[in-house]
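Next come two complexes built around subunit A: one with subunit B, the other with subunit C.
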Partner chain A sequence: MPTIRPGRIAVHIALILYLALAIGPIVLILINAFKTRRAIFADPLGLPNSQTFTAIGFDRVFANSDFGLYFLNSLTVTVVSLGLIILIGAMAAWALTEYRFRGNTILSLYLAIGIMVPIRLGSVSILRMMVDLNLVNTLTALILVYVAQGLPLAILILGEFIQQIPKDLRDAARCDGVSEYRIFGSIILPLIRPAIATVAVFTMVPIWNDLWFPLILAPGAGKQTVTLGVQQFIGQYVTDWNAVLASLTLAIAPILVLYLLFSRYLVRGLTAGAVK
Partner chain B sequence: MADVSLHGIAKSFGPVEILHDIDLRVNDGEFVVFVGPSGCGKSTLLRIIAGLETVSAGEIRIGGRRVNEMPPADRKIAMVFQSYALYPHMSVYKNMAFGLKFAKTNKAEVDRRVRQAAEILKLSHLLDRKPRELSGGQRQRVAIGRAIVREPSVFLFDEPLSNLDAALRVNTRLEIAKLHRELGATMIYVTHDQIEAMTLASKIVVLNHGRIEQVGAPLDLYHAPQNLFVAGFIGSPRMNFIKGQVRSVDERGALIAFAGTEALVQEAHGRLAKGDEITLGIRPEHMASEGPQTIPLEGEIDAVERLGEASFVYMKLTGGDDVIVRSSGDIDASPGERFAAHVPVGALHVFDASGQAVQIQSRVAARSTS
Partner chain C sequence: MSDIAATNVQAGSVPERSRFPLHIAVFLAPALIIYTIFSIYPLVDTIRLSLYAGDETGARHFVGLGNFVTLLTDPAWSGQFWNALGNNLIFFAIHMVVQNGIGLGLAMLLSLPRLTGGSIYRTLLFLPTMLSVVIIGFIWQLILNPLWGIAPTLLKAVGLGSLFGPWLGQESTALVTVSLISVWQFVGIPMMLIYAALINIPDDLMDAATVDGAGPFSVFWFVRLPLILPTLGVVSILTFVANFNAFDLIYAVKGALAGPNFSTDILGTFFYRTFFGYQLQVGSPTMGAAVATAMLIVILLGVLIYLFGVQRRLQRHTF
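And then the complex of A and B:
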């Protein structure tokens, strides 16, 4: 058996502690979503058993709210935003790293500022702009804001990756008579798949979880997202914990699926270049 | 098939001038090697011919057509890169077929060409592999295959052997030479390795600091270098340079003093004058000759390298110049000893103060001044 160095044990302890910290709240939500209200408060850490098990939270979520619609709204906003961020981000990253043109540096700087300044600082102007554009209470408003929010980081990460692709590869393709669009589509995109997965995960989670912009831009009936929909179970005096936890449980599912979808590439993306 | 001609090519990146006023003609079917130290502009010149770089001035013609404004794909060239530049996510077959797909070649034709190239390069059994599953030599062959399937008029090689180990380099060098014979295409090859240049080229172009130093057949460069740079660059170990001075010039010729001895040379154009500082060049392999008409050069041995088939004797001459002598493999010499090198007068190269070669008609035996 190989000897285990103390350094490795320490690393693993640290990782396990972090894992507990990260996964703890999620586990708490999951187990309590299936417990009676009384059991939630009496024994928040206990697993549901035959006496405390109930699915009443889920029943109430589906009965009292338009959860399917919220879900669809969230999914639409997340997937469309994600798609646009990746498409526009990859193209912009390619252009900014590959081509020398007037304003290249200024544009890059401008995007860097976008990473540093939180988009929420502009909430008031964004709301005014959306009112002027007649986009209040539409999913389009949310998608536009999220794309703007996600693009700078996406361009930065993808640009870094594109820069690592040997220049000879693009030159070889040019000698082969491949058009610039084809080079982007057939060579660059397949090669930055790990980076795209990384960007996808990093941008998808905040969009899915966001409460702020749905609240100010699209609070109207029929346009609410999951995070906003959950709020109706949280009252000033009474909170329906069963329903809240049930809807949160449901909300975790799709993000988990998307994560699993991307994670195969994500691991590669984060360690890319480690082994050559 | 096509010839390539360059007229007054200049290239600068911002304020930095990389190439100055390059004029060159590459004939149809020729194997031309650009050689020079790193940073001399040889790769840039190749990329200009390929169309991957624009020129600041001058004109490029391939097959008689001006191609300055043409994208690489329309120039009927194919380039092989030092890093191979294989598409990592495609199989060997797709790597070779990729370019043809966009050239509107029909499928059967693409297949025929790829299989033929694979046949030539002994890659047939590897067509389904990904580049990362291949060895360095195989990758290089795929890169060459990708060039062959395009059936270009001009092949461009950018230091294709630099990433291979020594044994493989010799093999691949021979394969490239064979390929040139079989295809008869024009080939332009960039390297910093003068052995590759000497062995492959029908014409060598020596570049330095963005200028052409000399163009010629390999042996012409070896026997008649036009300046100090070419003299020092071609040949291994490099040519020995010894400082000298013109003692007198009369109808018999110019009397040159160097390393404690003298030689009388008759130059063709009368460019030497009394008192001129000159440099004499003698190749290491010419410094251990015996017999009449040799000039003895004496000095002290610094080091001896024994390679088996020959020994390199590093010595300091009486005049203070360091030289290398290629001597027989079993020579009896050791550091600290006195040593006499014998130089045939016919092997002397003379360079004037500006480093240009002085043409010598005949060289006459010398006498020692000591």
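And then the complex of A and C:
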């Protein structure tokens, strides 16, 4: 039986106090989103009960904004970007780790620039380019930028992962005369599945949460993402507390559910990536 | 091309090396093309554009470093630029001390051996980091809103009620408040990275030190801290790049004008206003490019100082 030491109790008290500070504000928003305006102000810390429960804020959000559409836009941009980042990134990471060729090191360094230098600083030119390409207010513009932004880190992570795959498999395949494309498609690609969680932590979350590029590249015409949509909605309905709290809850909920479902992989990916 | 190939074969080198193999090009092409067009080219083009000035007709002419001279010396620009840079430095300093300090503290607690509920703490403490900066900004705006009164009520409960003020609205406190909101959100990143470094230190090392008579403080100071210094370096440079590129939070909470009276203005919001314009001032792509280039220089300086000044001096330990 483990003995309870006073030192440990102090540790748990410290952690629980900080936990209250970290989670409290989020919980506060979630519980007040389901309360009447009167209850929000009279008893902000109370849970909604039969007298104070209302979903009027959500009705107003759905009546006054295209929240479903924003959600779909965010989902499309994030999923398509992530898919492309993983496929294209894995191809490049495979080429850079598997084959020795002239310029390999230079290319790796060239691709690494994007890890440290934020692509945001090129926004002036990106916007000009998107205007020329007629891509303003399209999801394509966002996807192209996010793929370019996510590739450097994805290539680094996937490259380290591919290096750990045993060489026997591909050597055996080569002896059998299998083409390099099929070795990549049928052997390597299925094997990198575990690394996808790690790539997702570093690329998917920033894409979903981004405000900057939606704001300058796709601010209107029904192409807003959730983050931008909520920002615009709150700007308009700032005095309607029910609607504001409901829109924040709608923005938090999907991330919350996904995070609690997959946090094990995310946290593992984050700590594993840090060891290097 | 065939001549070179022929000489190489004669010289006895591996034949595949002489001609660039097609499959390698195919694997690399998509990544290189997208990355070059939408990341590297815009950055280079922004630097080029910062050397031009546009007039009312939309025509551009080369002005050399003229935009930067304007930015640093013209009273209409330099005041705002230095203000934004100064605020950004304060923003960064608060993150370095408070965010990374709390992150280190939490990581130390979480890395205690056989801590009950460790993974639950880690998961929940990291939750705010996953949410959008914009959402976090609005959440804290509501909580600190004197109208709602949650913050003063809670402060009164712990006997600090007299401290409360409209922190986000006062010129003297707005920047610190916004910085602390950002710290609150991103404390999970240093926490996780330092935690990962700490659990990778073998127990033997700490046991050996303890056997030699080192107390908990000495073990931390002389054994664990030197071993996690490389991670602290990584955390510092990540914080630096993120802070000097920040925009979303200030824009969500205080708008593009970064009020009150530009007291929360940082380089990101200054860049946005210069590029798109605000109120009566018309936006200028070329001045915007100059501000972006200035930010790029600041970030590159930080990265270079890290790479050559810090990282090289830190010995990496692998177990």
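Everything below uses one rule, namely that the second predicted complex is superposed on the first by the 203 of 276 C-alpha atoms of A that agree within 3 Å, B and C clash if a C-alpha of one lies under 4 Å from a C-alpha of the other, contacts with A are read in each partner's own complex, and residues count from 1 in each chain.
As a convention for this text, contacts are C-beta pairs under 8 Å (C-beta built on N, C-alpha and C of every residue); 3 or more make two chains touch, one makes a residue touch a chain.
Remember, predicted model here, so these are calculated numbers, not experimental data.
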- Query: Of the two partner chains, subunit B (first) and subunit C (second), which one does A:P166 touch, if any: first, second, both, or neither?
  - Reply: first
- Task: Report for A:I187: first if it touches subunit B alone, second if subunit C alone, otherwise both or neither.
- Result: first
- Of the partners subunit B and subunit C, which touch A:V205 in the superposed model: first, second, both, neither? second
- Task: Classify the contacts of A:D176 with the two partner chains as first (subunit B alone), second (subunit C alone), both, or neither.
- Result: first
- Between subunit B and subunit C, pick out the one touching the greater number of residues of subunit A. C
- Task: Determine, under the contact definition given at the top, whether A:I26 touches first (subunit B), second (subunit C), both, or neither.
- Result: second
- Using the touch definition from the top, say if A:L144 reaches subunit B (first), subunit C (second), both or neither. second
- Message: If I apply the document's touch criterion, which positions on subunit A are contacted by subunit B in one structure and by subunit C in the other?
- Response: 179
- Task: Show which residues of subunit B lie in contact with subunit A when the two form their complex.
- Result: 47, 50-52, 71-74, 77-79, 81-85, 87-89, 98-99, 102-103, 146, 150
- Message: Can you tell me which positions in subunit A touch subunit C when the two form their complex?
- Response: 2, 8, 11-12, 14-15, 18-19, 21-23, 25-26, 28-29, 40-41, 44-45, 88-89, 91-92, 94-96, 99-102, 107, 110-111, 113-114, 116-126, 128-129, 144-145, 147-149, 151-152, 155, 179-181, 184, 205, 208-212, 215-216, 226-227, 230-231, 234, 241, 244-245, 248, 251-252, 255-256, 259-260, 263-264, 266-267, 270-272, 274-275
- Message: So in the complex, the part of subunit C that touches subunit A is made up of which residues?
- Response: 17, 20-21, 23-24, 26-28, 30-32, 34-35, 37-43, 45-46, 49, 102, 106, 109-110, 112, 114-117, 119, 121-128, 130-135, 138-140, 142-143, 148-150, 153, 184, 187, 192-193, 195-197, 199-200, 231, 234, 237, 241, 245, 247-248, 251-252, 268, 271, 275-276, 285, 288-289, 292-293, 295-296, 299-300, 303
- Okay, in this complex, where on subunit A does subunit B touch? 166, 168-169, 171-179, 182, 186-187, 190-191
